[in-house]
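Which chain is which? They are A, B, C, D, E and F, in the order written, and residues in each are numbered from 1.
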Amino acid sequence: MGAQISAGDTAWILVCCSLVLLMTPALAFFYGGMVRRKNVLSTLTLSYVFMSLIGVQWVLYGYSLSFGPDISGLIGGLDFLGFQGVGAQPNIAYAKTIPHELFASFQMMFAVITPALITGAFVERVKFKSFLLFSLLWATLVYDPLCHWVWGQGGWLKEMGVLDFAGGTVVHIAAGFSALAFAMVIGPRKGHGKVPMEPNNIPLTVLGTGLLWVGWFGFNAGSALGANGVAVNALVTTNTSAATAGLVWMLLSWLDGRPSTLGIATGMVVGLAAVTPACGFVTPLAAMVIGAVSAPLAYYAMRFRERRKLDESLDVWACHGMGSTWGTIATGLFATVAVNADGANGLFFGNPAQLGIQIVAVMVTIVFSFGMTYVLAKALHVSIGLRVSPIEEDVGLDISSHGERSY
Amino acid sequence: MLKKIEAIIREDKVNDVIDALKEIGIVGMNTFEVRGHGRQGGVQLVGRAGTYQVNMLPKIQINIVLNTRNLDAALEAILQSAYTGETGDGIIFVTPVEDVIRVRTRERGPGAMMYPGDIDERRNK
Amino acid sequence: MGAQISAGDTAWILVCCSLVLLMTPALAFFYGGMVRRKNVLSTLTLSYVFMSLIGVQWVLYGYSLSFGPDISGLIGGLDFLGFQGVGAQPNIAYAKTIPHELFASFQMMFAVITPALITGAFVERVKFKSFLLFSLLWATLVYDPLCHWVWGQGGWLKEMGVLDFAGGTVVHIAAGFSALAFAMVIGPRKGHGKVPMEPNNIPLTVLGTGLLWVGWFGFNAGSALGANGVAVNALVTTNTSAATAGLVWMLLSWLDGRPSTLGIATGMVVGLAAVTPACGFVTPLAAMVIGAVSAPLAYYAMRFRERRKLDESLDVWACHGMGSTWGTIATGLFATVAVNADGANGLFFGNPAQLGIQIVAVMVTIVFSFGMTYVLAKALHVSIGLRVSPIEEDVGLDISSHGERSY
Amino acid sequence: MGAQISAGDTAWILVCCSLVLLMTPALAFFYGGMVRRKNVLSTLTLSYVFMSLIGVQWVLYGYSLSFGPDISGLIGGLDFLGFQGVGAQPNIAYAKTIPHELFASFQMMFAVITPALITGAFVERVKFKSFLLFSLLWATLVYDPLCHWVWGQGGWLKEMGVLDFAGGTVVHIAAGFSALAFAMVIGPRKGHGKVPMEPNNIPLTVLGTGLLWVGWFGFNAGSALGANGVAVNALVTTNTSAATAGLVWMLLSWLDGRPSTLGIATGMVVGLAAVTPACGFVTPLAAMVIGAVSAPLAYYAMRFRERRKLDESLDVWACHGMGSTWGTIATGLFATVAVNADGANGLFFGNPAQLGIQIVAVMVTIVFSFGMTYVLAKALHVSIGLRVSPIEEDVGLDISSHGERSY
Amino acid sequence: MLKKIEAIIREDKVNDVIDALKEIGIVGMNTFEVRGHGRQGGVQLVGRAGTYQVNMLPKIQINIVLNTRNLDAALEAILQSAYTGETGDGIIFVTPVEDVIRVRTRERGPGAMMYPGDIDERRNK
Amino acid sequence: MLKKIEAIIREDKVNDVIDALKEIGIVGMNTFEVRGHGRQGGVQLVGRAGTYQVNMLPKIQINIVLNTRNLDAALEAILQSAYTGETGDGIIFVTPVEDVIRVRTRERGPGAMMYPGDIDERRNK
């Protein structure tokens, strides 16, 4: 029938913009609690700055590259530069019942938080200027194309039929494997593996977790782009996966010592990341399985990473990368059109082909994001340098990069 | 003659020790947090995935300046109230103090060390 | 006419799920600021864990026990196990204009926060394992039945005509009197009444208060189950009662010393708890009276509790139990069909019978929740023990139960 | 056609009430992080208390004075005392598609936060009792009339045709210039300009910034009073201005030293304040200009203020006053009916008259708010005194005014 | 000959005391927070409902190591700048120091105790 | 004979110093944060608009009580591990200690100062 604005759908997605925006501060605090006291402000800034940086980039050209008219399935055209032509009428290709500008704005919040996720890899040692440069390049050369492939009208992975409801590939796998690549280039923090690096303020991390969970409802249920049954199902599956993963992680850390607060919080976030691609396609009970499996997967990925002495400091790869790799594949197992008529069935509902598509999409995302990030980081490393000096690292980035002290 | 007691004790014993000192009439004192290491090996903490070892443990240091004649009573009170029998109970140092001045009254020397209801006042009663 | 989904109503209740979810982290911080530094993480975890525990329990069987097809007015049947049959269509018995799954999900958030409220009674000394067991039993044997009685189709208190808009009985009275019972069983913290137990971080409590207030709009106005005039009225009465109670508490603490920040925050929460059962049935001016009376009631209940040397540590009984006892009774005084045609008139609007019904509901809730909790707690106390050892209590639960330090 | 409630619009404005309410706690933490540790609770309380004080005042008579039937363009009549007649039906003069009570409630949140903004001027030294008295007088004699002039049906500035979408004059200019006046009367903190007054906890300020940004979506996009294209545009322009100003401030502080976290946070808030009057009338690219100009304006206003040795402690004047002065004037430049048919064109769209109107409105607001505040503050200063004693100031207001310690 | 001054003063007097010391050319010093108890009775705080008593009050301890010849001047500066006349003004201890070494320069003994523009340099001018 | 070392060093050197001490078998110690001022001029911080100067800088004080025979070894270890060559490296004081008592064992005097695997035990091997 075409484009007819629904005030209800518009209301919900306006709210989701607010909820997803909230996730960036939430992430900042989630991360900020885990670093050492001398790097708290620096860590907060690494996330917050994206609200500014991508807030400008997206309006200027990011949205256009991602969602502009398709160019050979690879990238969007420049028609939407400066949000031109992105107005109060719906863009039928993307969302029939809300203003085009609202779709663009909701997508902006995703573009903001994704690179912020990566910062967990290089906190406590990155040079601020190089970080800014890397971030802008990453947003332009990694995020925007990938976003177009998976969600843009005509994008090649979308055409292939990949199911990624709210960003398992575009957001979490991309961030996780980029984090891995960056950590390999920048190298470990001074003293990593020798001195214990105790989190300076776990309550901040716990606060961040709570706000992340709330914001994730906007992220996942908002991806239905309307206030409807699919949104409701996404909200419930999101909650269920997070709940389950938190519980399982608690048990895992209990077995290895004691039921740790940080562990429960981490499990919750892993469950949220894992269910992200699946949330609009699977039932609550399937989400319980997705959450339950994601916890040990990320848990042991973390230990593996530690044994390899790799300082991917706040475990973006283990939590988001591995969590969502599993979630995207699990979508190929558990998806059912009973939940979402616009989706597809997965292996367990008689459609093994979907699983294949999912695996291809995962692999493409991994190779592309890891490879591009490795090259970008390496180029910056050998040119202007990625790290602060050892003395600045000792003093802490709060003072040395920002001239401030936290508390 | 004045001495300073520097007692480094368990965090969770600090109320007991202060009470024990007040009990016998030791009034003037102050405390602050330190992180220490001694015979006690450290403690294992739980991280996101697995555990790790922390070697400097939080302790409370209590400083008490007093007349030498009250030293033994104070030491005994601390030794009893800070004791658990586990490693990490802590250690007490005694150091010399040459002079003392009270800001408000400018009283100087041992005479400045009198507090209402303290151990000396009680003894004189 | 029956079931017709409204996108506007759906949008609002989706938001309310997010707002009510936020209340559990908010409560965690409200409580976490008031304990001693060595128990901050433990206190936070006691609340957060319910997002996991009940998040799973509710989907598996909690919702079904509470809202499944009625069995003799006492409990719900098992038809909704695993959210089976809880889908995108409305359940006309509960909410005509939103998906059934959304109603179930909104109710989940209530089931999550209610047992979290109780934790204020036993912070700083409870054994984590026993706490988990108690919580699961309490949710199953106390919350789910009570919820069915008051809100479930066919529940006997509902049939009797009790007015409880957003959970005065089910949530606040139940939590408050359960807290009382639990505190009597577990006994006071070491040093209670002798050593001053100064709150370690009042700003955390203040933060929690702010977030609770915001979340409470979802809790109370969301209980209209639609974006309509009743919801709006509930939002305004909620705000008015909280505002008034905060102001009155400020004056009370001023009279007794100085206008304390913690006092203002406490007053606000008391006003919120008090108006919860009434919010959808009374006018803003009536809400002002409800708030104004709730403050001294809880204030002096707190002092009474202290004089009795009972260590119901964070005063769940005084704030939530007594606050909402008053609020539920006040609903029988101030309710008017002018505000809500689906409600009833109270005593002041010529219907004394309603007051009687309210009082019966209050008494049933008190007896049931206090009694059940006492028995459950006692049984755990004599079997596996409710308390940590005195040494663990001295060391603090952060280290001894969770192996972590806060800040 | 007249009044027809839209569930979608109602849902959105219900949410906006929650979002704007959140801004008061957010502001409390934004401010609380910047004072010294001995005044944290006091600073938090100065903001929080308005949720109580105005929460009661507005219902009793504030709304009526502001939005009651017009009396000679100057003030509203008393018809809405106690929210009488403010019910579930729309008030067509103000908002056609939502309940009148919802409009009143949304406006309440503005009335709550505006005087809270002013507190930044006199933290760390104000006498609590005098502050309460001042606040009530200010709300009644400054805010309510001004609100009527600009937004009330029949208000003289409204009749004149001023464009102020979400409160550039009523909220930010009024608060900013009142802050200036108050600071001049109360005098500087002891040691101001001699002892460095380092912020005690910048992460709190950063947290406040994040929550303010989220809440501001409700503030600005909610001012469309519906879930429609104008709301969406307001959300996007709000985000864009904040993003840009944050970035520019970062660069400014980098030039003068290092890219400071506090600076980025401050820039974001300035960008938010600046775009507030304009957000519903201008394009995203215009918002980028508005944000970009607001940052240096406030930055150098701050330095000017410092050089004058004026202790307007947290720079309400520089950030909100100057930011929104620019924003209100910029509305007269960039406004276009292409964005909002109910608005008007500005200078750059061929309507220089609008710029004149904007300038008049700015000047009226400045003169009225500065003058009234100066008189009120002076009267209190010479009668009951505005400041605590020097000893209380030394000890800190947490202990001396509230009998509490923060952390 | 070296001495250490340990002055325990009111939190809110610390800036005044530091200024007074700098005024007379005492440069090297450090401060930390302690919680103390002396003649001062404690303070009443306000809880959720009613008040309660806290006995250990926050104070700042200033440690200054200096040559004995500068001791009296420093003591006098502290006594004046820390004074309010209310209980809780604090107390000053003087203790012996046997040796001092500056890390950066390995200067040792009283000679290590020189600072640009300090009391000794001024005296020599 | 007992001495106390009070070493005031850079915050970011504390792990290095502790490691260096453990290396040579100095086991018992504790640390706490101080804010200090010496030859180092202070640091410039960035505010909302422009910079300002802070004069009291955070440092870590390490206290170590030990037998006089181990003093020089300990001093040397600290001097080496705390060194950067920039102002602000810090300063070490040596003060007398008259007595020591271990709470758990009531050992008294220098004999209380033995730790498993410490410098004395190593020497005896």
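As a working rule, contacts are C-beta pairs under 8 Å (C-beta built on N, C-alpha and C of every residue); 3 or more make two chains touch, one makes a residue touch a chain.
Note that the structure is a prediction, hence the values are computed from the model and not measured.
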Going by the stated contact rule, which chains contact chain D and chain E alike? C, F
Contact tally winner between B-C and A-D is A-D
Chain centre separation in whole Å, for chain D relative to chain C (CA means): 34
Just the number, please: Cα centre separation of chain B and chain F in whole Å. 20
Could you put a whole-Å number on the gap between the CA centroids of chain A and chain B? 51
Hunt down the residues of chain E that sit against at least two other chains at once, touch-wise. 32, 44-46, 51, 84, 95-96
Please output the residue numbers of chain A that touch at least 2 other chains, ranges allowed. 6-9, 11-12, 15, 198, 257-258, 260, 262, 402-405
Inter-chain touches occur between A-B, A-C, A-D, A-F, B-C, B-E, B-F, C-D, C-E, D-E, D-F, E-F
For chain B, which residues count as touching chain E in their complex? 2, 4, 18, 27-32, 63, 65, 95-104, 106, 112, 115-116
Spell out the part of chain A that touches chain F in their complex, as residue ranges. 38, 191, 195, 391, 394-396, 399, 402-405
Note: in the complex, chain C contacts chain E through residues 196, 198, 252-253, 256-258, 260, 262-263, 266, 299-300, 302-303, 306, 315
Enumerate the contact residues on chain A facing chain D in the complex. 5-12, 14-15, 17-18, 21-22, 24-26, 28-29, 32, 40-42, 44-45, 48-49, 51-56, 59, 82-83, 87-89, 99, 101-102, 104-105, 108, 128, 204, 398, 401-407
The chain B residues in contact with chain C across the complex are 10-13, 15, 43-46, 51, 84
